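Submitted below is the structure of interest, expressed as structure tokens.
Chain nomenclature is as follows: A, B, C, D and E, assigned in order of appearance, with residue numbering initiated at 1 for each chain independently.
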Amino acid sequence: MIPPLAFFVLAAVLFVLGVVAFFVKKDLLTQFMAVEVMLNAGNLAFLALTAGPGRANAQAIVLFVIAVAAAEAVVGLSVIVLVFRRRKSIRTDELRDLKG
Amino acid sequence: MDRLFWLVPLVPGASALLLMLFGRRYSRRAAAWQACGAVLVSFVLAAAAFARLAGGQAALEKVLPVWISAGSFEASFSLAFDRLAAVMALVVTGVGSLVHVYSTSYMADDKAPTRYFAFLNLFTFFMLVLVLASDIVLMFVGWEGVGLCSYLLIGFWFDRPAAARAGLKAFVVNRVGDAAFLVGLLVLLTQVGSSSFAAINGAARDGRLSAGLATLAAILLFAGATGKSAQIPLHVWLPDAMEGPTPVSALIHAATMVTAGVYLVCRLNGLFAASPAASAVVAWVGAVTAAAAAALALVQNDIKRVLAYSTISQIGYMFIGCGVGATAAGLFHLTTHAFFKSLLFLAAGSVIHALGGEQDMRRMGGLRRRLPLTFPAFLVGALAISGVPFLSGFFSKDAILTSAFAGGHYVIYGLGLAAAVLTAFYMFRLVYLTFYGPARMEPEAGLHIHESPRAMTVPLIILAVLAAVSGLVGLRVLPGEPADLFGRFLEQVLPRTGRYPAPPTEIALILAATASALLGIGLAFLFYRRSPGLPARLAGRFPGAYRLLVNGYYVDAAYDAVVVRPLVKGAGWTYRNLDLRLIDGALNGSAAGADLAGRGLSAVQSGLVRDYALAFLLGTVIFLGVVLL
Amino acid sequence: MSFLALAPILAVVAGALISLLLEAFLGRKGHELSATAAVVSLLAAGYFIVRSWNLELGYFAARLSLDPLALLLMAVFVVLGAFVILMSLAYASRRDIALGQLCGLLLIALAGLMIMVSSTDWLVVFLGLEVLSVASYALTGLRRSDPASSEAAAKYFLMGSFAGAFFVFGLAILFGTSGSMSLASGLSGGGVPSALPAGPAVGLGLIVAALFFKIAVAPFHMWAPDVYEGAPTPVAAFLTIAPKAAGLVVLLRVLAPVLGRGGTAAAVFGPVVSAAAVLTMFAGNLAALRQSSVKRLLAYSAIAHSGYLLVAVAAGDGPGLVFYLIAYLFMNAGAFAVLTALEGDDGGTATLDGLAGLGRRHPALAACLAVFLLSLAGFPPTAGFLAKFYVFSGAVAKGHVVLVVAAVLASLVSVAYYLKVIMVMYMKDAAADLTIGRDEPALWLVVFLCVFGVVQLGLWPGNLLTLIRQGSSGLF
Amino acid sequence: MNGLLPGVPLVTLITFLPLAGALALLFVKPGSDRALRLLALAVSFATLALSLGLFLGFDGASGLPEFVERASWLGRGLDYHVGVDGLSLSLVLLAALLTPIALLSSWRSVDRRVKEFSAFMLLLETGMIGVFVSLNLFLFYVFWEAMLIPMYFLIGIWGGRRRAYATMKFVLFTMSGSLLMLVGIFAIQAANFRATGAYSLTIADLAAAPFAPGLQTWLFLAFGLAFAVKVPLFPLHTWLPDAHVEAPTAASVLLAAVLLKMGAYGFVRLGLPLFPQAAAAFAPALSVLAVIGVVYGGLMALVQKDMKSLVAYSSVSHMGLIMLAVFSLNFEATEGALFQMINHGLSTGALFLCVGILYERTGTRVIADHGGAAARMPIFAGLFLASMLSSAGLPGLNGFAGEILCFFGIFRTSRVMAVLGVSTVILSAVYLLGLYRRVMHGPLKAPGDRRLCDLDRRELAMLVPIVVLMVFLGLFPGTVLRKMDASVSRYLDSLRKQAPVALTSRAPARPPLWSARPAEPER
Amino acid sequence: MTLAVFVVLSAVCVAAVAAMILSRNPADNALFLVVAFAALGGLFGLLDSPFAAVAQVLVYAGAIMVLFLFAVMMFDLRRLEPRSRKRVRLGLASALAALLLAELALAGIRISGLAGPAWRSAEARDMARLGRLLFTDYLYPLEISALLLMAAIAGALALAGRKDAG
């Protein structure tokens, strides 16, 4: 059988890939997608690391994380809409009026 | 009345206070009268107390409340009128009264007579405090107080830059001495545990004060005395002090204040007696000063500066006396000098007055007949200071030189004798240049020459009489016999430590002294009456020596180059480099550093989310690294 | 165990709903009403908080427990909420912000905060944090006409969700290895472990990093200046205080037992917290030196204060932390209130030069700002001083001398820029005239209350101190 | 204790009356400058009157604080605890005396924002008095630090051209010291709690329970830095000239006269008693710094071009002497130092007033722009001179009485230091009278300047009392000294008890230096 | 068998994410993520978590990612991203990411019991139990989630609602 470590390492890889994606991508939307990858890696880790009754709890928690992701997605998309309306662009690097 | 001797200083003091407080409300005349009156009252009180002493009482004492006290330090307002103080007090109030009276006329046309009289009274007050204090700390009050008054009066015409500068110089040079005085004071206070003169002298005599410390303290105090009494090396202020009004020169810079150093040494005779080394220093400084200053007087053209150098030289004599153990003789010379030197100054003042302020002897001459009272008075003074027999200076100077010789201080004696020749010479140079020969003043000034009013001439006459006869109190019935009147009177205060020479020696010494006086006068006659071109030729022959004398041995220049300028320059350099550049620079630098750090942080805060996330990631990685390792 | 424990949170949530609904149905007319409803709900919440004092209420199997610390913090949030609403009344209409939405979102955020501080369950804390975050993103972007506002919202959102993912991952590891969601689990399991258990430690590390982000601790702080500057000013007042307070309390609840017990865990987390504190203080203060916008300056100052507050965490000093937070509430809210008043109609925030001559033209306002700044700088006899005194003295008592020396040096740096503001207000002459709306009684009320709080807490915090000490006596 | 007015919290009243006055000022209608000034003046005079009452009612036989008031304030040792003893009594009086004078000095020169100015002056007075009367370390610190604020505003708002730089320097410099002192206070609190199990910051308690030597060293350094900056000791003095030059006259007066004393007072009240062993160990090093300050300040004063910075550097020099005396750790020196603080307060205060008077008339403080003013202003010339002479330590004036005690005490501990310290006698004469010559003497500069008139009544009212006091204290220093005696010997006893080795080895000459006077020699 | 499934699913997952990183087309990005999340759902299934797996596929892959896809269309992001020019930052970020991965892996290795055989969990497959759990133990979080969604809606309304909504 597959040891939990494999799942955990997979989760870690996905998480780090999400991080890398966050840095590589250049618009708000895709960067947020990267964050979603990280969140999912978290979910995987939840399930991978728990055993027995714990994994039932972990499933419940995963549900909440998904809810969080959904909520963030909603607000996030509206923030992005807001930015897009003002600037006609959602390039992250163009958001640098505030600095210094 | 003699019980009230402690009022002697207070009366002029009160008068000075009133004059200073209500200066504007006084009329000229009222101020003058009050000032004279105060000093006269004080003179009368002093005389009464003196009478009491003469009646046999040892001393009058008055301890007013404790003044400064903390722990083992205590100083009190304690006054004592012993025989030493009595002599000095009489001189101060006596000459002081005359100078006050003289001033009423001399300063009649001045802008601020009230201020003048206030300062003069204040001076009298401090001088009397100095004299009467039986506590050395209290004496220091008078000591510095007279210095202050000297400063104020030298700079009386403060709108003249030279006067202001001279006043400052006097004060600062005095302060240099006073700093040494203060250290000496500290040595005594901590070692003796009391500030009274009796205790200090007592401790020195019975050996509680070790010889080394006694020497240290004595030399430090004497350093203070050299400042006040204008001895080498702190003599530089006195010639400049002639910027002050002439009566002031007469009182302060001739008769009283400048002799305070001598008085101090007399006061502390126990201490100095306990330290032969210190006494030797005193004698040597006195001797060198006497000769060197007399030489300087030779080349002065300003009538008052001649007298100023003369004063320095004469005080040197007094110190010789104190240093060789003839303390009473020193004090005796102090007394006679007070009379004849104030006489000379006041007479010179009369001359200056007559010439409308002219002080340069090269523009005088032939005044003999035009100032019929001043001239004889001056002449008496000149003869007295030159040591012409039977005038006061002869007795006092001789007493000192005799003691020096008898004590085996032959070099000192030789210097003194040389100084005597020089003294006679420059005094008569002065006499000849001023009163004889052709009139060299501006024709304009020559028209107004007149004899001074009575308020000025009467003091001259009185002083002339005193200068002539006061030496008699020092007359010894027989040579070799210690019982001269003056010395006997002071015996209990100033025990004589030196020896007297054998009578034949003494007669020889007297003759030598007389001869030197006459030699000096004769030379002056030769140089300035017979062949007036001689001095210039002599100066041409020895230009180096002449320049040395004219420039006062370059002492002022040396001080300027060695002390003053390096100090000011160094301070300026330090200020610019240490305070402004280094310390402030470090401060401003750290502020700039903080600013720079802020600038760096601002630059990092680029506004790019990517960078922010990078920082976040960095933090996390480090954090986790710490956790895992 | 009582349903009553939910009352404060419910009151706030109800208020939020009512405000939002009023806004939705009445539009512009609903502004006043929704604000009133919000304030009323806050009053109700306040009432419930006071009522719950000393009752040790709990609910949901202790996932919600109203211990004194939670109640104190809830009270702080309620007061802050009221302040922000009062500050916004005129501001919102000037800036074209729907007041009802602002009130509603604010109340939701408050509810999130209350949830965070009243639980010892990581899941609840996480969810509360997300409620807070989601509402905060929206609050930040509320000035829809202002590009800065939306930029701030975007940055906040992006960074917030990024940090949130770390939280989740950390939580996963923590939960997976300790099997429990309790704050007290993991490292504080049992006894003194000789070696650090890797799983919980890493999990906790990730979570703490996420919390540091929320508290704006260097180097996780970089979003903060931009967001604080871009957010509507009353919201900025909220953001500089509330999330920080909640995050710190959570941090304290987690770390105080760990650090207090010593051992390897303390040896690892203690220095990390201390180092972060030092870094934060200096990063905030040094960067603030060069700011020309007062708002941004205060933003950096807020970061620096996170550093000071972390000192309390490092020392495990609950009472000190709470007192500092309360003092900070008054001084910072006050400063932002004045800033709100100073904002010109053109929408620009006050620059340093714009403050020139304020002392002459609006002496009262300038004086109040001066008081707040002096308090932030930590001059006696203000609340800021006493707060620093308590926190730093607690830290020294625990042996953190170097940390405290660094802290005082940092606050020395801070004096430079706080005083610079004061100097400009009083010592420079005005370049341009500043018009200030005078008909903002609510704003004045906030300013007055804050001044009162700052002075009162500085001079005579009497009962509050007792309350705090009493409240935290059982916890640490 | 409080025999004068039983039941009246006199010290509290004195401390907070000015604060109340400052608050009252805020309610006076703006614009009525005269009313504002009069109110402020009245309050400060009332404070002065109460302080005089305090002074007269002070017994001083026990050496313990009198008029003690104590109340619990913040708990855990942070109490409100005030009172005066011999060390602080005269300083309270000094602060109370100089505030009304400083207010008078600003009557005309400060014409903008009179309300704020007066309020800040009164606040400053509360701060100053508070520092002196605090018997609790926390309270002390609160006043110490709070006092910076009014000073900051006074210089910052009413100051000269470079006031921004000067205030910032002043505040940051001072705070860098005092913040470390704050850390020291924390450490004391912790150490004391560890030792006794009780929270106390009462100074007397802390002095009674000595700290471990290692701790003492650090604590002394922390406290010492704060005090040394304030004094200011070389090389921490550079804030002072800048602050003075930029400050308005009134602030300069209080800064020089009272604020600097806080540093020296801090050493006497806290630095030495709390950490006697460390203090004894550091005393030689600090003495060296102090004596460097004496000479250095004097030399720097020589080359200043601005009257105020000249006087400021003279303060550096004089405060150096006071510190030297403090570190000499014997009775005479300590009493001399405390007395000299008063004297320096009076003389330097007066000097700044005089400079301010000249500045008001001519609009310049550059020495070279002045000259010959004595001709137009004879009364002023006299008072100015008297102030200078007091500062230069002319015997008969107060400065001498203090100076000689200091010298005496220093000499007993270290002769070299005393000799170096005596140089101030020369230097102060040079720079002060040199200033006088350049400014007051010589030909009149700008003779057509009508503004150069003599003092008016207001100016007389501020200078004359100080000068009278200089003379009075010069003649009757016992008035002040006797009130100190018991406290000073108590202070030294406690030092000796805790650091016997260090103290006796430094002054081996004779048995107890601090209490009894040696057997009277013949008199 | 399971091993094969695991290998395939994880390979798909990682590959999809990697493709998403490398692809410069936003629309493709979203689609890659759908794939990745679906695969992840499968992995959840492998972990005895059918509920999570379903939720993952339905909510994530189904709902959220579709939302993203719409957003991509809406913002007209179909054109290609420009290539990054800030290589230094990217390199730094990658290095840090690699370090992070190493740290996480290290932690995983250190966590005891992970390397052993897989944990099976019958309880986790009991949906009824899970339902009960959600409405008893997790009632409070559930309610908070409700609040969270409310917050999200309110926020979305406030930010992106009609302009005259206020």
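Just so it is clear, a contact is a pair of C-beta atoms (placed from the backbone, for glycine too) under 8 Å apart; a residue touches a chain by one contact, two chains touch by 3 or more.
What you are looking at is a predicted structure, and each value in this text was computed from that prediction instead of being measured.
Smallest number of touch links from chain C to reach chain D?
Tracing touching chains, the least step count from chain C to chain D comes to 1.
In terms of CA centres, which chain lies closest to the overall middle?
That would be D.
Taking each chain's centre as the mean of its C-alpha atoms, give the chain farthest from chain B.
E
Which two chains have the most contacts between them?
That would be the chain pair A-E.
Need the CA-centroid distance for the pair chain A / chain E, whole Å please.
Averaging C-alpha atoms per chain gives centres 6 Å apart.
Using mean C-alpha positions as chain centres, tell me how far chain C is from chain E in Å, no decimals.
So the centre of chain C lies 31 Å away from the centre of chain E.
Can you check how far apart chain A and chain C are, centre to centre, with Cα atoms defining each centre and the answer in Å?
Measuring from centre to centre gives 26 Å for this pair.
Cα centroid separation between chain A and chain D, in whole Å?
65
Which chain A residues touch at least two other chains?
Counting only residues that touch two or more other chains, chain A contributes 15, 18-19, 22-23, 31, 43, 48-50, 54, 57-58, 64, 68, 71-72, 75, 78-80, 82, 92, 95, 97-100.
Return the residues of chain E touching two or more other chains; collapse runs of consecutive numbers into ranges.
Expected reply: 89, 93, 97, 100, 103-104, 106-107, 110-111, 137-138, 141, 145, 148, 151-152, 155-156, 159.
Hey, what residues on chain C touch two or more of the other chains?
123, 127, 130, 134, 137-138, 141, 144, 153-155, 158, 162, 166, 173, 176-177, 198-199, 201-202, 225-226, 290, 416
Go through the chains and record each pair that touches.
A-B, A-C, A-E, B-C, B-D, B-E, C-D, C-E
Considering the complex alone, what residue numbers of chain C touch chain A?
Result: residues 123, 126-127, 130, 133-134, 137-138, 141, 144, 147-148, 150-155, 157-158, 161-162, 164-166, 168-169, 171-173, 175-177, 179, 181, 199, 225-226, 229-230, 290-291, 296 of chain C touch chain A.
Enumerate the contact residues on chain B facing chain E in the complex.
Residues 610-611, 613-614, 617-618, 620-621, 624-625, 628 of chain B touch chain E in their complex.
Which of the residues in chain D end up touching chain C in this complex?
Touching chain C from chain D are residues 73-75, 113, 116, 138, 141-143, 145-146, 148-149, 152-153, 156-157, 163-164, 167-168, 171-172, 175-176, 179-180, 182-183, 185-187, 189-190, 193.
Under the touch definition given earlier, write down the residues of chain B that touch chain D in their complex.
Against chain D, chain B makes touches at 20, 23, 65-75, 112, 115, 137, 140-141, 143-145, 148, 151, 155, 158-159, 161, 163-165, 167-168, 171-172, 175-176, 178-179, 182-183, 186-187, 189-190, 192-194, 196, 198-199, 202-203, 208, 567-568, 570-572, 574-575, 578-579, 583-584, 587, 591.
Under the stated contact criterion, what part of chain B meets chain C in this complex?
Listed in rising order, the residues are 591, 594-595, 597-599, 601-602, 604-605, 607, 609, 611-613, 615-616, 618-620, 623-624, 626-628.
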